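Written below as structure tokens is the structure these notes are about.
Just so it is clear, A, B, C and D label the chains in written order, and each chain counts residues from 1 on its own.
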Amino acid sequence: MSYSEADLMACAAARQIRDGELVFVGMRLPLLAFAIAKRVHAPSAFGVFEAGIVRDEVPRAALHTMGDGANVAGAAWCTSLTNVMSLLGRGEVALGMIGGAEIDRRGNVNTSYIGRWEHPTVKLPGSGGGADIACLAQRTVVILAQERHRFVERVSYVTSPGRNLAQVVTTAGLLGMRDGELVLESVHPGRTVDEVRELCGWDLRVADDVGETPPPTAEELAALRASDVQTAEP
Amino acid sequence: MSYSEADLMACAAARQIRDGELVFVGMRLPLLAFAIAKRVHAPSAFGVFEAGIVRDEVPRAALHTMGDGANVAGAAWCTSLTNVMSLLGRGEVALGMIGGAEIDRRGNVNTSYIGRWEHPTVKLPGSGGGADIACLAQRTVVILAQERHRFVERVSYVTSPGRNLAQVVTTAGLLGMRDGELVLESVHPGRTVDEVRELCGWDLRVADDVGETPPPTAEELAALRASDVQTAEP
Amino acid sequence: MRAGESVALGLCLEASIPFALGHELIRQGTDRLTLVGPISDMLFDQLIGAGCVDEVVAAWVGNVSAGLGHNYRRACEHGEPRPLRVRDHSNYSLALALLAGAHGLPYVPTRTLVGSDLVESGGFEAAEFEGEPVVRVRPLRPDVAVLHVQRASADGLCHVWGNLGVAQEAALAARAVVIVAEEIVPREELVADPNRVLVPPHKVVAVAHEPRGAHPSPVLGCYDRDHAHFAEYHRRSRERADFEHWLDEWVLSVPDRGAYLRKLEP
Amino acid sequence: MRAGESVALGLCLEASIPFALGHELIRQGTDRLTLVGPISDMLFDQLIGAGCVDEVVAAWVGNVSAGLGHNYRRACEHGEPRPLRVRDHSNYSLALALLAGAHGLPYVPTRTLVGSDLVESGGFEAAEFEGEPVVRVRPLRPDVAVLHVQRASADGLCHVWGNLGVAQEAALAARAVVIVAEEIVPREELVADPNRVLVPPHKVVAVAHEPRGAHPSPVLGCYDRDHAHFAEYHRRSRERADFEHWLDEWVLSVPDRGAYLRKLEP
């Protein structure tokens, strides 16, 4: 079966989810990852949505936002943001997935300001729950495009600290934290190590055991295709 | 119309409630006071019950506890203890009514321990919400029997500090705080100042303008009798 | 639930007190418990009298409609049947302690209890913030929170209505939640109204079906409070020997809740 | 609502955003507002573009399905149409700030934001407790919290369901609550289920009846999100001149919500 870059990224992120875990889920790829994991290898995982929803079943329709009715339908718990955030605060959320505009060598993510925050060149939307997930989830997965201007030596503003970062899933490969520094651990099929290093703004370390990202299995792809939770775009 | 000591106390306490106020209500006399005030002079008062209930109507049946179904029926808000306590915390509760085993010259109330708390002679049930009401309601009314062993120079344990105390309603009179000290402000019909002073364990000051507690009006008594909220006793 | 654990129960205050579960704890001899709850209408007194309890973390312990808890008094005043440690709270401080436990906060600074001797006997820390006195309330994280609910599904969803007390805060603060339900219903009936679900299902380790399991306390929509039963207990617990007879009659010699209900209404 | 006040809105996140009320604020020229909310799906951007806002206290401002908020960017980057102060929060810190406001707490110490630059740009205080780093979150007490709800009674009770965001915390923290309801129902229908009432009635200063008043955001049980409307706004707000046309077409030249709905579905 053929698959897209986004399919591969969703599958890679899904593999970070272990059965029974509470996963803080965002829209688009994280939601697809949750759906794949639930259907393939983590049927007892729980999805936590910051708007105030906990699900133990995958939503049955495409979501544009986590506040869509389809995300309430079949929810196990519908409550306040404050209550679901308490799951983070108490340390019960095993994994959180966030995006970002920039990431640096230490795994710090910026979703707030390009340039000095007092006089920014670009004002980005901000943390949302990103900083909370990064600070309080046991492990964080960051999903973003492998582009040189996004992978910078030092982000201009740390929205989400990298200390709990487990993996960065990019359009070109997978990076992990080793000794407090991001290291290339695998490259996606069709990509080369040099290519990924070229798409990184610092001298990216490469793991000794760097390999190829396993492509989506037939089962994963089937789960993805079966998923009603398509990446809804306006 | 004839009236009992308890009727007079309930009416006296009711007069402390002003229209539109939030009143932290306990069982028995405070609940009767709330019912009288709602019907006579404070129709827009709200009753707050620590179990997690806010009412803008008087309960329509006798209550043994604030958790009885009759207290939920017709409630304006049914929620957590934490949420109703936030009304105290934010300073929105104008008046709270509490009882006590002992009170002292400074208006401190003890509902916890007789004797040293490490080795008490008598273990009383404890604060419940009493300490919270005393600390956080704008005004506190204490209701208790005028007995010499209850009115002591200094309570053995301060459960509820007296700093916001507005009035003490006793079986014999009404006391107010003046210059940080409880002062006899009125005696109930049929009682004398000397009698009340004799029922107090310290040298009770008497207000220059001490008078007789106004007896229940016909309207108050009618409200009390009409009230379905009788003092339910087991 | 195991000996030595901290158990939060009676979390909706006077309503929905899990007496069935409490009596089973007594029968099983589960002891050295720490009981956590805002107020307790009789069940704490029974567990204390039965010798199951080492420590109470609570705002009020007694019999709501009658006053003092006789077993509580005997334990505090004379160490009978065994010594009892009391960690004094007010209702609000207990709620904030559970809230802090639920959110993993190191403490909550509050203006309640300022000037109260609860600060000392409850082991709170008096502090200042910007020149104003505050009291620091430390988090509580019970091992188990017990919820008696109107309905639940076998997989751990539950609906609760009526005054909620600190049930949600305690459930979120606890390591695990045990649910005792008046009724077991299909999951669909619960997810049809997910706003009424009180706790997320990952916290729930057990669901028991126990109709009238909260008797003599009331359960909204199911049954009213049995005032006479409370009054009888109060009278019969005044003396230790009488309490032992009561305990034998209503708990120890009653094999299970079915037998209890048949005894109640032969 | 008056110029210069702090207004909390968009409190259920992507759902039930009070667009009708926001547009009326724009038409009335209410300015110098401080907007408070966790995330904002488009409405903050519109109010900022219309020149109503001096300050934003929020975790995220933009268009949820499309990304950046163009008016927000212009205001932050170029002071257009007027300079904007931003008080950065995360969703959790905003929730805790409102919780602190609701409870009158001087601050809440939390482990979230530790190590984040939000501590500096959001004006938080980094501190230590028992050797561990914490961030102190100060209380927020908005002048007004706006709730768009499914149903309300004329005397201020309301029922809300679906994901609740920080609606209850904001309502309890605020000085006053304004309710915009899809439906006005008799009080009896609301007290029949007092657990679904979100805020106590003494907080409520106004109740407005505005069916579809949250369009284009969704209201659970009433209508879905109008994705195309969001997309059109995003496209037409990219350039300032285009935004001004959009604002004129959809807000300034629309006398009231009735006209808006007729324009939407002629």
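The rule is simple: a residue touches a chain if its C-beta (ideal position, glycine included) is under 8 Å from a C-beta of that chain, and two chains touch if they have at least 3 such contacts.
None of the values given here were measured: they were computed from a predicted structure.
Chemist: So which one's got more C-beta contacts, B-C or B-D?
Modeler: Result of the comparison of B-C and B-D: B-C.
Chemist: Give, as an integer number of Å, the spacing between the C-alpha centres of chain D and chain B.
Modeler: Roughly 41 Å separates the two chain centres.
Chemist: For chain A and chain B, let me know how many angstrom lie between their CA-based centres, rounded off.
Modeler: A distance of 56 Å separates the two centres.
Chemist: Centroid from C-alpha atoms only, then distance chain B to chain C, rounded to Å. What do you get?
Modeler: A distance of 27 Å separates the two centres.
Chemist: Hey, what residues on chain A touch two or more of the other chains?
Modeler: Only 53, 72, 78-79, 85, 89, 136 qualify.
Chemist: What are the residue numbers in chain D that touch two or more other chains?
Modeler: 96, 103-105, 110-111, 161-162, 164, 168, 195
Chemist: If each chain is a dot and touching chains are joined, what shape do you get: line, ring, star, complete or other?
Modeler: It is other, because the touches fit no line, ring, star or complete pattern.
Chemist: Show me, using the given definition of touch, all chain pairs that touch one another.
Modeler: Once each pair is checked, the touching ones are A-C, A-D, B-C, B-D, C-D.
Chemist: Report the residues of chain C in contact with chain D in the complex, numbered from low to high.
Modeler: Interface residues on the chain C side: 96, 103-111, 129-130, 132, 134, 161-162, 164, 193, 195-196.
Chemist: Going by the contact rule set out above, which residues of chain A touch chain C in the complex?
Modeler: 20, 22, 46, 53-54, 56, 72, 74-79, 83, 85-87, 89-92, 136
Chemist: In their complex, what parts of chain D are in touch with chain A?
Modeler: Those residues of chain D that touch chain A are 12-15, 38-39, 41, 58-62, 64-69, 72-73, 76-77, 86, 88-93, 95-96, 98-99, 110-118, 120-121, 161-169, 217-218, 220-221, 224-225, 227-228, 230-231, 234.
Chemist: Which chain A residues qualify as touching chain D in the complex?
Modeler: 27, 49-53, 64-69, 71-72, 78-82, 85, 88-89, 112-113, 117, 120-132, 134-136, 157-161, 163, 232-234
Chemist: Considering the complex alone, what residue numbers of chain D touch chain B?
Modeler: 101-105, 157, 168, 172-173, 191, 194-195, 197, 199-202
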